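Chain lettering (A, B, C, D and E) follows the sequence in which the chains are written, and residue indices restart at 1 in each chain.
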Amino acid sequence: TSFLQLHPFIASPYKFWLNVIGIKNEPLLSGIAEIFEIHSLAIEDIRNNQQRPKLEEFDNLVLLISKMLYTKGNISEIQTEQVSMVIGKNFLITFQENEFDLFDGIRTRLENPLGKMRKLGPDYLAYTLFDAIIDEYYVLLEKLYDKTEQLEDLVMANHHKSLLSQIYRHRKSMQEIKKVVWPTREILSSWKKSESTFLKKKTQPFVNNIYEHSVEIIENLEMQRESITTLVEIYMTNISLRQNEVMKTLTIIATIFIPLTFIAGVYGMNFEYMPELEWKYAYLGIWIFFVLTTAGMVYYFKKKKWF
Amino acid sequence: TSFLQLHPFIASPYKFWLNVIGIKNEPLLSGIAEIFEIHSLAIEDIRNNQQRPKLEEFDNLVLLISKMLYTKGNISEIQTEQVSMVIGKNFLITFQENEFDLFDGIRTRLENPLGKMRKLGPDYLAYTLFDAIIDEYYVLLEKLYDKTEQLEDLVMANHHKSLLSQIYRHRKSMQEIKKVVWPTREILSSWKKSESTFLKKKTQPFVNNIYEHSVEIIENLEMQRESITTLVEIYMTNISLRQNEVMKTLTIIATIFIPLTFIAGVYGMNFEYMPELEWKYAYLGIWIFFVLTTAGMVYYFKKKKWF
Amino acid sequence: TSFLQLHPFIASPYKFWLNVIGIKNEPLLSGIAEIFEIHSLAIEDIRNNQQRPKLEEFDNLVLLISKMLYTKGNISEIQTEQVSMVIGKNFLITFQENEFDLFDGIRTRLENPLGKMRKLGPDYLAYTLFDAIIDEYYVLLEKLYDKTEQLEDLVMANHHKSLLSQIYRHRKSMQEIKKVVWPTREILSSWKKSESTFLKKKTQPFVNNIYEHSVEIIENLEMQRESITTLVEIYMTNISLRQNEVMKTLTIIATIFIPLTFIAGVYGMNFEYMPELEWKYAYLGIWIFFVLTTAGMVYYFKKKKWF
Amino acid sequence: TSFLQLHPFIASPYKFWLNVIGIKNEPLLSGIAEIFEIHSLAIEDIRNNQQRPKLEEFDNLVLLISKMLYTKGNISEIQTEQVSMVIGKNFLITFQENEFDLFDGIRTRLENPLGKMRKLGPDYLAYTLFDAIIDEYYVLLEKLYDKTEQLEDLVMANHHKSLLSQIYRHRKSMQEIKKVVWPTREILSSWKKSESTFLKKKTQPFVNNIYEHSVEIIENLEMQRESITTLVEIYMTNISLRQNEVMKTLTIIATIFIPLTFIAGVYGMNFEYMPELEWKYAYLGIWIFFVLTTAGMVYYFKKKKWF
Amino acid sequence: TSFLQLHPFIASPYKFWLNVIGIKNEPLLSGIAEIFEIHSLAIEDIRNNQQRPKLEEFDNLVLLISKMLYTKGNISEIQTEQVSMVIGKNFLITFQENEFDLFDGIRTRLENPLGKMRKLGPDYLAYTLFDAIIDEYYVLLEKLYDKTEQLEDLVMANHHKSLLSQIYRHRKSMQEIKKVVWPTREILSSWKKSESTFLKKKTQPFVNNIYEHSVEIIENLEMQRESITTLVEIYMTNISLRQNEVMKTLTIIATIFIPLTFIAGVYGMNFEYMPELEWKYAYLGIWIFFVLTTAGMVYYFKKKKWF
């Protein structure tokens, strides 16, 4: 908590990584800002955990703001965590709100005194952290895929009213991910093109690599979005088809029995002079008529492929 | 009201801010135009309160036209107020139609003789004012979100005819905001790239900052627009589902009772030779037939998952 | 009609404006083409009144083809009139098919010997004419707005079949306007970037001004197009809602009366052994049954919010 | 057929045009390829009559592949014919599969020894041929318009099932044309920007001219495509409106007669104690009741504007 | 398997092609990486068979990752196989997971000691392999066309529920192909613009050629996608039309017989005073009334073109 002891490090030729947890700790942040001469706007961006991912070059350092995306269970509850990195000449400072263990593997690799991370500069370390963050996006993508496939099966099989709101929530999840990944691609594109002295040429192929990852994630998101759009169409068509089926049932029943009921009604009339009423086989005849009419109707509907 | 007293200021090394209220005051505007040598086209743009936001560089000054957006209550009644800024070597002139208190905070900060605003030039002051304007956009965005969520709940729950016209009005509000924010982004992009001597390099990181805000606002608007499109889809599907339900009710009732009515009609016929009529248990039998047929139908519909 | 007398003007230091009416007058056009050394392709473009608006730079002059849009009454009958301008070193030639009075105000301003138009070159005059043409577009835009609002009210209130073809015609009007305004923006963009000696730097801010007008018109057209798309959606949903209402009426009536009719039919049967027929209060009882059933149904539908 | 006699021409200062008919004639093509030193890839493109239109610059010549589009009768049967042009220093070679008379007019103009075609180089001749090809596109566009208008009238008037497949075929025709015109625009854009010595500066304004034609054709295709999309919407709405009408007819009839039939059924019951049956004016009264009920219903439907 | 023997080749002036099968063979890959000094990121990309197609330039070589697409039978089961190529100064190394015979023809051509492949460098060989891969895409495209046409016929003829899921799967196939072809175009575009010493200028026209193929494939995919979208529309309209037909059948039957049944019901009432019952020709008259009403109805429906 005493910042004075950091001063000798800055001037020293040693490279070091400072991991700051708790971006709401005002005195801590302003202390660090003062020692490392971080621009007031950069500190403001670090403090604001609603910040859009970005890469900004200042005279004495580079600011990179990225977002961790993770989910504890269901894909519809995506959590966001902001990770800001300040890349200087011989130091990397990372800021995060809560402590989490995503970077543990990197710490282990860092302890290896002959590792690439020790040889290359703080920008390479920043790349490694960013790489770990983007690898997590793939985990989310996988879960999105699973959910899409699950919705697919549901849409193909039935048509509960709730399905549509599930699809709606699924789309919202995609939007949330896209909202983070889209500017991430921009960041990486800027990094690739950057001529800052703090982002060395040697790190470029690595950055290019995760740039391609971000492009791939975006493409996959787009493809899933399209699939979802088609799913909604299928869902709506299924509703129409079902309504069709209901209508056909009604029409078949009504078309067969309404005329028969009329005929029955005719012979239920009380006119005094109705010669048929006295015929001996009239009743048998009318039943034959009923049966033949029904058979004819059924044949007609079969021919029209109504059932 | 006498402009002569302004002359000494212009030549002096002091920086000053002139806030002009009432853009319809012709002599005031032409007086200021003459003293500060403002191009006739610039004055025309300032006077026309339907002007699209823009940044234009003249030889002796920079003209920036921005729009305040605010709402007194409901999000569907967005008010627009034009704020034009003329940035010169050592002065900033702002023009507005009505007086409002958005800039009060800035005035207070300006009174601090050691503040950054005093040290940096009039372009920094212009940035500060613009920043305050864009911060107001976030307030609107928040209200838009609330309205979208409210519509979401309504769409999920019911299907009043008025819902669609509410959605329609909501979309119009978005369009109105977009119409202002879109050119605002362009302005800020021009400012970032500008090489005018009146827009100093030192102000650039700040401008970059609000440029990103404008990008973020546009992204959020786009995302909400997408959500609204999906909402309309859900709304229309709900109508279809409801119609389906109505149809099913009709079909179940009709399919059960129309055949039964026919049978009842048959035994209401007045033929002389109808042997069943005299059978002792015919009436009982026909009721058993009615009940069994109905049960069969209900079972059939249950199996088809109609209810 | 004798072209020879024009020759001395061309070589003279005087600026002049030649307004040619009747682009079908072949000898007139070829005469002018010869004197002013207008490229054969330019003359062809002037002659063809179906020409897409454009700006083309030749070695000795600049050709600008624009379209007047106006309507005598209804917005659905837009008239187009081509105005071609040839801007040379010290002359402006305008070609139009029919005489019209749009440029009268400009002629008056031109007569003022101290006016800006006299001081600035023929490109400024061309700008003034173009400005007058674009101002007319706003008149059309206003009429489009009125029509859109009228359609809005109609769609909200009813659903005549003819409404859709009205919307269709309205969209076609928009397309026609867009077809002219879109290339107009391109022209103005080219003019802004042009390095032709005939398009002087001093005119640039003015051109920039009408360029922004054209951008604004296009944005407004896009916004109206979106509104119209939403209107069609609302219209179709209204049809669905109405169908829903019709279906509900049918279903309520049928669901209440079909079962009752069945019961009435049962007691209309002629079986000999129907004990109920002889009960004293059977008829009263059946009416009570009818009333209770109906009340139950009505309660059920009310609970389901069907009416 | 003997190629040797061509050799002296190539070295000569004369310009010439060689029109090759029959791209399947292998020895002919390879002969020409050898004499004029045409790159093997160019020859392959010429031979393949499924080639996408393109302009390619080689060291010693320029290859331009274009497509003739024409139709003998119906717009739905578009024929494609590939015309490849090889533009060299002093020669133009055109390759086509079949002989057709589109270029006859050009041949006549070419015979005029003082014509522009003779003065300007082979690239101008190529432009002339290309211009003739693009003029043919306008003929197709005209036919597309006619078909669109015809479909418009049909959609407005009726709703045969076949209409939709007609629209589908119409869209396919548009796609086919677009598939050719889109790369044609690219070709012309390349030509405009080309710095090849074989495409001279003097021809540029002419190329610019047909470039604009291609842009116009594409814009028109897009506008027609939009119209067609709207037509499909109108068609589907018409189906809905018609269904609405059918439903209303059914509902009116059913809503009026089902309750009346119930009443008639009630008095057809055979209960022994039904006091109304013996009333003198019961039968008259019931008819009055029937008529009043019907009148009330009709009034209700009229008020609801159902017919 | 002993890599040592490769060393002399690398330094030698001979060009050679090394085809590595089995990208999961770790020691093999790391051996090759060491000998040819392949960057660790390149090896990682080669090993990962989910890699997006790409072209990456390293200091000492160029990495090209492409995807073979093929299908054994049905178009809905597309198989993907990754082919990575490493282009060095005098060598080409290809990596594939399984052995397949697509490159057999190339091997044969390679054995010709005077062939173009022997004269030109390893980049030309890479082009040849890539060309063979892209030629296979056309085979898939052909199959896609066949499937689209088959779906077209099915949609025009009937409306099975399964049709929609077939269309859905068809769209997914297109997406899969697009996912590979889209970055392929990018690769080829990079190759065209590349200034790497390993990608020689002489190979450019050939690369340009397959670049155009990839553009064409993408255009065709887009066109088919549009066709499919239209097909879905037609399918949904067919469902509506069919529902219309069902509704009409029901309405015609109900509208004719419901009123007649009412009339029959009226004369089935048991009122004591019903004068018509005793008329001599009442029964005949009512039949005449029935027939005339029906005829009138049928005439009315015919006039309304209901059948």
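Please note the rule applied: a residue touches a chain if its C-beta (ideal position, glycine included) is under 8 Å from a C-beta of that chain, and two chains touch if they have at least 3 such contacts.
Worth saying up front: this structure is predicted, and the values here are computed from it rather than measured.
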item: Cα superposition of chain C on its sequence copy chain E - rotation in ° rounded to nearest 5; value: 145
item: Interchain centroid distance [CA atoms averaged], chain B/chain C, Å; value: 24
item: Distance from chain D to chain A - Cα centre to Cα centre, in angstrom; value: 38
item: Sites on chain C at which at least two other chains make contact; value: 240, 243, 247, 250, 254, 258, 261, 265, 268-270, 274
item: Chains in cyclic order, anchored at chain A, direction fixed by chain B; value: A, B, C, D, E
item: Of chain D, residues touching chain C in the complex; value: 156, 205-206, 208-209, 212, 215-216, 219, 223, 226-227, 230-231, 233-234, 237-238, 240-241, 243-244, 247-248, 250-251, 254-255, 258-259, 261-262, 265-266, 268-274, 305-306
item: Footprint of chain B on chain A - complex, ascending; value: 39, 41, 44-45, 52, 54, 56, 58, 159, 161, 164-165, 168, 171-172, 175, 179, 182, 232, 235-236, 239-240, 242-243, 246-247, 249-250, 253-254, 257-258, 260-261, 264-265, 267-270, 274, 276-278, 280-283, 286, 290
